[in-house]
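As structure tokens, the structure follows; a few thoughts come after it.
Letters A, B, C, D and E name the chains as they come in the text, with residue numbers starting at 1 for each one.
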Amino acid sequence: MSWLRRNLVIIIGVLVMLYILLPNLVVIAYSFNKPAGRYNYEWTQFSLDAWTNPCGVPGVCQSVGLSLQIGLIASLTAAVLGTMVAFALGRYKFRGRAGTNLLIFLPMATPEVVMGSSLLTLFIAMGIPTGRTTILIAHIMFCLSFVVVTVKARVASLDPRLEQAAADLYANEVQTFLKVTLPLVAPGIAAGTLLAFSLSFDDYIITNFNASPESVTFPMYVWGAAQRGTPVQINVIGTVMFLGALVIVLAGQLLGRRRNRQVA
Amino acid sequence: MAERASGDLVLTGVTRTYETFTAVDNIDLTIPQGSFFALLGPSGCGKTTTLRMVAGLEQPTAGTISIGGQDITATKPYQRNVNTVFQNYALFPHLDILENVAFGLKRRGVSNWRVQAMEALELVELAHVAKKKPTQLSGGMQQRVALARAVVNRPDVLLLDEPLGALDLKLRRQMQIELKRIQSEVGLTFVHVTHDQEEAMTMADTIAVMNGGRLQQVGDPGTLYEKPESTFAANFLGQSNLLRATVSGVSQGVASLDVHGVAMTVPAASLPDGGKELWLGIRPEKVRIISDSADATGLNTLKGEVTDVSFLGVATQYLVAMPWGRELTVVQQNDGMPRAQLGSNVTLGWVPENSFALDASQDADAGAEHIEDE
Amino acid sequence: MAERASGDLVLTGVTRTYETFTAVDNIDLTIPQGSFFALLGPSGCGKTTTLRMVAGLEQPTAGTISIGGQDITATKPYQRNVNTVFQNYALFPHLDILENVAFGLKRRGVSNWRVQAMEALELVELAHVAKKKPTQLSGGMQQRVALARAVVNRPDVLLLDEPLGALDLKLRRQMQIELKRIQSEVGLTFVHVTHDQEEAMTMADTIAVMNGGRLQQVGDPGTLYEKPESTFAANFLGQSNLLRATVSGVSQGVASLDVHGVAMTVPAASLPDGGKELWLGIRPEKVRIISDSADATGLNTLKGEVTDVSFLGVATQYLVAMPWGRELTVVQQNDGMPRAQLGSNVTLGWVPENSFALDASQDADAGAEHIEDE
Amino acid sequence: MSATTLPVTPTQPTTAGAKPRRRRGARVPYLLLLPGLLWLVVFFVVPMLSLASQSLQTGDVDNGYTLTWNFATYADALSTYWPQMVRSLVYAGVATLATLALGYPLAWFIAHRSGRYKNFLLVLVIAPFFTSFLIRTLAWQTILGDSGLLYQVTHATGTEFLLTGFKDVLRTLGLINNDQLLFSPFAVICGLTYNFLPFMVLPLYSNLERLDHRLVEAAGDLYASPFQAFRRVIWPLSLPGVVAGTLLTFIPATGDYINSVLLGSTRTVMIGQVIDAQFLRVLDYPTAAALSFILMLLIVALVITYVRRAGTEELV
Amino acid sequence: GSAGKNPTTGPGGSGTAPAKTAAAAQDMSDTEKVVNWSNWPAYIDVDDKTKARPSLDEFTKQTGIKVNYTEDYNDNDEFYAKVRPLLEAGSDTGRDVWVSTDWMVARLIRLGYVQKLDMANIPNHVNLQDSLTQVSFDPGRVHSLPWQSGFAGIAYNPKATGGKKVESVDQLLTDPALKGKVTLLTEMRDTVGLVLMAMGKKIESFTDADFDAAIAELQKAKDAGQIKGFTGNDYTKPLASGDTAACFAWTGDVVQLRADNPDLGYVLPQTGCTLWSDNFVIPALAKHKKNAERLINYYYDPKVMAQVVDYVNYISVVKGAQEILTKQDSEVAKNQLIFPSADTLSRAHVFRGLTAAEETKYNKKFQALVTG
């Protein structure tokens, strides 16, 4: 009983983690399926077919490539713009602060269909042909708010005395920003960028409105494929992306630990 | 790039006002090159603000600051050859200790920064933790890193804002010795802010006592302690017994006083200008408990009852109640001699030359830092 | 609900081990009800761990803890009638001062919590800030709130973990007086952790000196200070001069010693058991600088050169170099008498009864807390 | 990415300088804002304005719409679709509470009990995003289906009674209608909860990670039982994280409808689905636009009230 | 067959306003050997091994024209919403040809968004099934040629019905055994059409009142909790797993599902089923119109179409494909759902064309049902 009480948090934590991961486990399992027909719905037989040929379905790997590219550019751009806004909001008092806060928050409250379609109308009015560029613009727009919210918290908790110390130690404004401010806010920016990347990588509705036939992203591909049963390759790619993220973090951590050990 | 402008640090009419509140009020001060200067005063009196103006982190509302005759009032912090050891250390958490110390050197493009930074770390005996992060260090170690980070730049002036404020007593005393050693080794001008009066006295060549944004008194520790010019200085720098006295006459350089009906004397030279009323001050350690047999001629004496005895280790502190209600504090070194008992009636005495006289218009409790008015 | 179990706090064989490291090692201790007990020792010696076990925040690996004969070893913190004033105050930042103080009362369902909490705030003279938030208060005020928050529960035992550690000297001294006053007013058992030896001596009825998880010596402040039983206690509780000495003979209750070729005496009763080698200890304030004219009969004397003079305000501290290289520390109260000059040759002397002798097998620097080993 | 980060919290000011302050160079904040806000103005505000105008137009797709300031559309839209509107708020609200109930212990676990696996667990929370949400939501069909994973696992382990009991509870709560877990309010809320859990966990984590554990001990020392310590100390101190998390969850969840489409039934239609149909199928742009604005307005109003009550000063 | 009787009752593609003419762009076909084709997912033959698209590759090989084949047509409405602003603004959609369902073709023609086909470039158009040569949505077949066609009928999973067959729309909407486990299609013409026919109405010539009655019927079933949901193509998964007991479904899907799950039942109700076709159209301002027409021509070769049908399993719109397939893959050739008999075809009907006003009105009512 007391064991249960002591470990309750761990037990609940593990259960919730399981809840979060359960669908991914299903996705992983079905990446090893060998469906009899063209629908990967029912478990039929274990097979590595899809794993040995992940790009086997036409277009799927191009779409992943495009999504990665868009996710990267969009999240990085949103990170830069969002960080600047976050600094302004977290650091300064100025007229229009409340309005700015509202403007940051509204896109999160706007239904995606609405955003996607009204943006498309705008692009046409502006004469911007749909495609990679318009997807990027849209993604940067909706990622911006998430970056701002994330980074602002970090900026607000930054100790201004550290910047003063840098100035005291002969660092001019630019050096102070690059050598002290930025590294200290970096974890917040990293978190915001990661969040933005995952939002961009996974967006369908807004993307679909602003895409062209040449710019089919991974979610668009999946959406289409899901209309008539997703090919096993999609599970493979989902699994690779999922595990890839984990491996990168683990590798980073191991590397960091090794470096620490060498120093110590 | 910082310009070398070695020489005295001079503040002229420096004032800093925040909206309606004047934090620093028209300060004139000359701090000779190479001296160890302490700025002492209660919380909120403007010490940090003064330092920040010298460092360039704050702009004076009025007045000028110069080093070695060169006016630096308008220059940016990074253009001044002044470094600060911040009250809270302000070490860069993302850099390791060596990088922290080397920060200023690198900014100035010093090429052998590694060698110089390691030397500075050796100076504070921390070379072995060069690769650790600040959070992995204890408070005392962090403080020394902050010191090394500032000292390594060989600034014209080193500002120390209560660098020992967060240390415990024992470590604090050791760091004081360390600071003194470093100052004499590298020969910089140190401006040291503290509100620990004992710290100021043991370390500084010159002490300035500040209150409410103004300088109260500037001088060497001995003079400030033995001859305070205000009740504030008298109370803030150590303890003082202040007795209400009326001058009854002056002859041959000696003033006769009436203290609650008891006749006393004080050197006439120490009398303040103005009226006949004054505060007669005497330090607790200057008061002796006189045995019945002893000769009390030439001493000012008072009789009272011992109401409290506390053993301080090195010394014992007595509170002795006077007939008019007020208590006198007496400190006697525990040199092995027998001492007074709680409740006994004793005679207190002191050499008139050891006392001082202050203008009676002041508040006797100024600077005594009562709990209510922190 | 906390059970009332008034009476002595008794620790029996209490041990706390973290993996391989023993933080507290088999401690036996009885703290009488209503006493003011101080736990003194260097950083990391196990003071906090001991308190935490009494509070129930940590479980002893072995041993029992009881209050008034009732074993509380296995009870939860909230079931014990023990309260703690934490080292960092640990005030609840989201609650105002009154709510902070009333926290424990409300948890125990005391209905007139408001009245009691206000009384406690008046006790610490903070009734006027009842509606403020902790961050709006200065460090000293926060400390007093923490105290009120604990005292208001009238616990059997009040644990104070370096409550004054973060205060500056002046405020610290005032809070010490405050604490004493409250303790005598409410009559609780106080267990006070500190590593400020002066604080321990002025405040406590009984002091326990801890080192490396073990109790070194327990006693009243005077005895501990005047007759330390180890070099650790001698160095940790104030400063000590320790001289290497060899016993050359004992007669009529007086031992003759040879100290670097100088003959001295010490009461034979103070000799440790064991060999002929010993440390002769003498406190700096017990050493007098003897004028040439003075009579030195019956005193142990040494000659040396003054190498450092530092003015401490109340007193002056001298370092006097002995012919064999080591320096002796001498403290003389600034009672207005003329003192020795830097560089002059002086004779030092002390009454043999004021010195103490310790087993030579110990490290003379134990407890002197060098910078290297914080 | 360091373990101590991922802060999505409006924090308590931790240092004296944390509060926004006025600085010299009043132009600096505006320069910083310029590119980001310009982006938002051009690509969000302008379309929204044209949408606003659309909501007041009358006409049809073929013959075009004209601005007639027809506010009646708002009244009509609201009177027709208020049940879906209310349902969306309720589902999003319940899902938000569920993410809070599940996310809090998880965030606590990661912050205080996970040791060096902290980073790993944090990424594990966000990693599912990298597998398309559609596949993951479809996976819930596989899990919740009548003969799905849940059924098979309980069946194989002889613990079917657990599943039956669970269904009974849900039925009593009105979260399922018949014997099916899938295509029920329960499934929709379960999907919403699942999809937005990371948005709750991350801000909560960064808040709880900073919680001073000594305060919890102090509470215990002052006679607070573990529950009371949570209720009186931990919970109020974590409010900023709770507020950030609930906003990041509630706001997007209200407009979401993929979960309702794939996991719900005709009785779980959410407002996003209505807006989608008006936009795409009925081509009634004024109604769709009006519904969007009503939704946004409702959310903003709710959020402002909520944030005020929770005592966090700034919006998000 | 009788389904070939062209539904002449509707007002055709003309609506109330005369159809506008779509703008043509300068045709770059001769200089740019490409054609951009948007199609529905999984609507073309794929080599299951190499995952290549054999018929497309062959086309390129023959003509040197590269096909940018994009599967971004998931749903008529969604696709329309995507291209409408472009068409309305008079800009190029970036596509030379796509495949729209009949009623959508009507709308596109009405609004002047699609160009006339140049039959001179499509000599093979004569291979079009007779039954599809005259359609109300594109009188005279000047703007469109079908790609595939199919039925909407009733599919059921015996596992979930308890072995029971589901044979009529009435049963689907009322049988308590199916309660809460029925899905219908969000495609209004299929769902309402099947119900109208079950009510004895003709979908070629129903009235507003008929439409309302059908909606009321559906509403009743929905209120009774019979209907679980309205779906797009995503009805397949729950049907296969048995979470959906019975539903309206399209033929091609069911043929595919049966490969995994041979027990699945499929019924074309006696009261009638809908017949739809998805048609090639060339949007306004398409840059490679001639290439697109060559592509259409290519697929109207029975041999090529046989290859496609063999894979996608919808109804062939090209004459002669069955004969070819009978030789190659008799299974498919015998399948009633792919090559329906005359009897089967007699039950199939095409939803009448709607005027713009009707379309809006009906859509509104139907969506009120779906999202209500």
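The rule is short, and it goes like this: a contact is a pair of C-beta atoms (placed from the backbone, for glycine too) under 8 Å apart; a residue touches a chain by one contact, two chains touch by 3 or more.
Computed from a predicted structure; not experimentally measured.
The set of chains in contact with chain A as well as chain D comprises E. Fewest steps needed to get from chain A to chain E, stepping only to touching chains, is 1.
When the C-beta pairs in contact are tallied for C-D and for D-E, the bigger tally goes to D-E.
Ranked by distance of CA centroids from chain B, the top chain is E. Taking each chain's centre as the mean of its C-alpha atoms, the one that lies farthest from the centre of chain C is E. Chain A and chain C have CA centres that are 57 Å apart. Mean C-alpha positions place chain B and chain E at a centre distance of 92 Å. In chain D, the residues that reach two or more other chains under the touch definition are 138, 142, 279-280.
Among the residues of chain C, none is found touching two or more other chains. Contacts with at least two other chains are made by residues 41, 117, 121, 159, 161, 223, 226 of chain A. Applying the touch definition to all chain combinations yields A-B, A-D, A-E, B-C, C-D, D-E.
On the chain B side of its complex with chain A, the touching residues are 1-2, 55-57, 76-78, 82-84, 86, 88, 90-94, 96, 103-104, 107-108, 131, 149-150, 153.
The part of chain E that touches chain A in the complex is made up of residues 36, 38, 40-42, 46, 51-53, 68-72, 74-75, 78, 81-82, 85-86, 89, 91-92, 94-95, 232-234, 236-237, 240-241, 253, 256-261. Within the complex formed with chain B, the residues of chain C that make contact are 43, 125, 138, 140-141, 162, 165-166, 168-171, 174, 178, 195-199, 201-202, 221-222, 225, 237-238, 283-286, 288, 310-315, 331-336, 350-351, 353-354, 369-372, 374. Chain A contributes residues 159, 161-162, 164-172, 175, 179-180, 183-184, 186, 263-264 to its touches with chain B in the complex.
The residues of chain D lying in touch with chain C in their complex are 12, 212, 214-215, 217-225, 228, 232-233, 236-237, 239.
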